[in-house]
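Shared between the two complexes below is subunit A, which has subunit B as its partner in the first and subunit C in the second.
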Partner chain A sequence: MKVLSLNFLTCAVKACKSTTGAYPLHPKDAELVEDDLEINSDLLLNIMPRIDWPALSTTATELGFPSLPAQPPTKEELEADEKMLRDLHHLLMETQMMEGKLVCGNCGHEYAVREGIANFLLPAHLV
Partner chain B sequence: MLPTPDTSHVAFERVYEPAEDSYLLLDTLSSESETAFLRSRFGGNSADATTAPTSAGTIPAPFVVEIGPGSGVVIGFVNAHAPHIFGTPSVLTAAIDVNRYACAATRETVRKAAADVAASSTSSATPSVSKSGTFLDAMQGDLTAPLRDGSVDVLIFNPPYVPTEELPRQPTATDMVTSEAAPTFQDDSYLLSLSYAGGVDGMEITDLLIGRLGEVLAPRRGCAYVLLCAQNKPEAVKQRVRGFGPEWRAETVGSSGKQAGWEKLQIVRIWREEEQESS
Partner chain C sequence: MQPTIPAAADADAAAVTAAASGTAAAGALNQQPSSGGSAASHAAAPNSASGNGMQPPITATAATAATAADVVPVPPAGQNDSTIAIATATSKGPSSLTANTAAAPPSTAASLAPSSSSAEAASYEATHVHAVYESIAPHFSATRYKPWPVIADFLSSLSPGSVGFDVGCGNGKYLGVNPGVHMLGSDRSASLVRFARDHGGVERSQDVAVADGLSLPFPEGRADFAICVAVIHHMSTRERRREAVRALLDCVRRPSADGSGNGDDGGKILVYVWALEQSNSRRGWDEGSEQDLLVPWVMKQKKEKKEKKKTKGKAADEGVEPAEAGAEDGSSGPPADTTYQRYYHLFRKGELEEDVEAVGGKVVRNGYDKDNWWVVASRCS
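Up next is the complex of A and B:
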């Protein structure tokens, strides 16, 4: 599961959804692998306006990546900064969580990630 | 015609095999009317979008999610042919299915379809330009449950639409947690039943999904493509959506052949118009 995916996901428990604790989910015991993908600058530039930067910063820190800048880079800054483009590409596109858990900060429920597939089905008592 | 993704690797004894409904979605999503709609909404208006530079760097990449992808033939198609459908390769795609085998199958179908597009365009002058969208993940889940509110730009749903006396038990976290245990014939029948059995009018699952659209679709540009059969009472479904508010729209944008005067299968596009019409 890609780091970028976590930017679009919350706890699947209905009562959690509107709470601030349910987003982003917190990786736990994460086993990461790195793909080697060609960088696509256009895509990164088009993704930037979609990204919730504070949530991405939290995820990056929790996965052991260096801290992201406090503010998201502007389009112009990104275009001029190849290193930052590469770092973002690496974090968002190339980093995959193969095994581990995703934990809701509100209810504490842990979603398993196995073989890169996250399981958001709930146990019967939470449905 | 755009090539249909290869699904020869998929175990059809436990994952829904592409059929007339799947192909109707492919045809509709790549039709002139729908590519025109999607291009106008998500940026690339250029007819030659595969080579056009994305000077429109300010248009955020759409997030396209298929619910219940099964083999992945539809999302694999949409991802592989994103430049044709959306007018830009800057498209993010993902899928959610209750069936873990479907998630694994989808991942592979999407990968193959994108690789086929890349292989067929090696003669291109700009080989480094991506020819497909970017697939994020296939995840196990119940409809849109894990998706953040307002995050989805295009939702695609080929539901379990066959009217059945009752709905199969819906799976929980402990069902099929790994893909290592060999499924029994009963397991396989159960998994397939989830892909087609829709309960009363074939609408029990679709009704749940439609009830969640207002939350999960992006407030301004979000839209959904939902497949219905005649027994689903499509006119009533469209009326329900229009009842959500004056900005809501629901129209049939694709259909299979008629049977006894009824469209057997149809695709309904659901969206909100930014500006309310004043008449």
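Up next is the complex of A and C:
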């Protein structure tokens, strides 16, 4: 599961969804792999406005990446800065979480990630 | 989960079982043939859970249904009659398979309040949907490879960089349709999700998660789109079907409210469900048919398949006719095919739109496509 997707995942428990603590989920014992993918600049540039930047910063830090800038780069900045584009491509598209857990900061529930697949099925008492 | 029943899978499915209702487990298996008997040309045997003399696929059918009825006394959206109607299909004509049950008129059936509690409905679906897909996943996936045009067109029309979800992604055949968008697939079946991850090849793994359609792990109002193909008809009460639509709408962006004319009308959902009205299909259901059904999925045993090849020709690869299968089902013979029963709610015309509007959705486009009703909708606010 790409880091990009982690930016679009939250706790599956209904009561958690409206809380600020449930998002983003926190990786725990994460095993990462790095793919080697061709960069799709058009896709990246267009995805940027859809990214929750503070959440991405949190995730990146928790996964051991260097801190992201406080503000997301603008489209013009990205177009002019190939290194930054490549770094973002690497973080969002090429880095996958293969094993570990995703933890809700609100209820504390841990969702297992195995072979890149997170399992969000809830035990009966949390449904 | 994927669009339904192309040739190979259910062609030889001989039984249509009206989802039994009622309270007593035994009652749910009242063995009355439907009023007037089966409409199929082959006589429908009044069925018995412990009965004998039934053709093999039907035997399996009855056994499965009996188990389910024991476990879940109150099945889906309310019918009062507990009837299992067996129609025998011959695979010879498009409308030879007809669910002719003592069904209430569609409008009545649909307007009844769910007769089962949410927990019971969930448990029913666990037996009659989730467990089945886990069991048939490889076979199912192998029969689902071609994206349907309406859905492919929807995905292809998304602007580059769009982000969205495929809820009930099945084997993932839609995840790679538009490489210019990012899609995250989810399915209730862990087995199918693994197929979905590798759909585009191991080199291009797709992002997928195991999740329940009523407890999705997607944040509110972020996605540009969400598709949900052949999923919601597996929910066994209208309340749950509507909650499933609501869950999809919740995922996508709200329309921007500036009213200035160039406002964004928000994210879109695309929902496909099986139609009641499919008189031209092999199954022959139509207006007035029972809406809540158990539909068999027959998994052939390899051994038998080989044997069949010798006698191939009459029914193409559509499978053996029940009587023929019966002959092969001697206890000392090759292993029998396994029949799994999936619960379906067949949507009558207009019902999906009602469900969308009931949970705050606005229908943008809708239509009928290959025995399915579909809707593209956005959020009202």
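Methods note: the second predicted complex is superposed on the first by the 127 of 127 C-alpha atoms of A that agree within 3 Å, B and C clash if a C-alpha of one lies under 4 Å from a C-alpha of the other, contacts with A are read in each partner's own complex, and residues count from 1 in each chain.
Basically, contacts are C-beta pairs under 8 Å (C-beta built on N, C-alpha and C of every residue); 3 or more make two chains touch, one makes a residue touch a chain.
Just so it is clear, the structure is predicted and the values come from calculations on it, not from any experiment.
> After lining both complexes up on subunit A, report clash or fit for subunit B versus subunit C.
In the arrangement built by aligning on subunit A, the partners subunit C and subunit B clash.
> After the superposition on A, what does A:123 contact: first (subunit B), second (subunit C), both or neither?
So A:123 only meets subunit B here.
> Of the partners subunit B and subunit C, which touch A:8 in the superposed model: first, second, both, neither?
both
> For A:61, is the partner it touches subunit B (first), subunit C (second), both, or none of the two (neither)?
neither
> Considering only the touch criterion stated at the top, classify A:50 as touching first (subunit B), second (subunit C), both, or neither.
Both: A:50 reaches subunit B and subunit C.
> Is A:17 in contact with subunit B, with subunit C, with both, or with neither (first, second, both, neither)?
both
> Between subunit B (first) and subunit C (second), which, if any, makes contact with A:75: first, second, both or neither?
In the superposition, A:75 contacts subunit B only.
> Return first, second, both or neither, reflecting whether A:38 touches subunit B, subunit C, both chains, or no partner chain.
Only subunit B; A:38 stays clear of subunit C.
> Shared contact residues on subunit A for subunit B and subunit C?
1-2, 4-5, 8-12, 14, 17-18, 23, 40, 42-43, 45-50, 111, 115-122, 127
> In their complex, what parts of subunit A are in touch with subunit B?
1-2, 4-5, 8-12, 14, 17-18, 23, 38, 40, 42-43, 45-50, 75, 93, 111-112, 114-124, 127
> In their complex, what parts of subunit C are in touch with subunit A?
122, 159-163, 165, 179-182, 184, 186, 188, 190, 193-194, 197, 205, 207-212, 214-220, 222-224
> Where on subunit A is subunit C touching in the complex?
It comes out as residues 1-2, 4-5, 8-14, 17-18, 23, 40, 42-50, 52, 96, 111, 115-122, 127.
> Within the complex, which stretch of subunit B touches subunit A?
The touching residues are 53-54, 57-61, 63, 88-90, 92, 94, 96, 98, 100, 103-104, 107, 128, 130, 134, 136-142, 145-149, 151, 170-175, 177-179.
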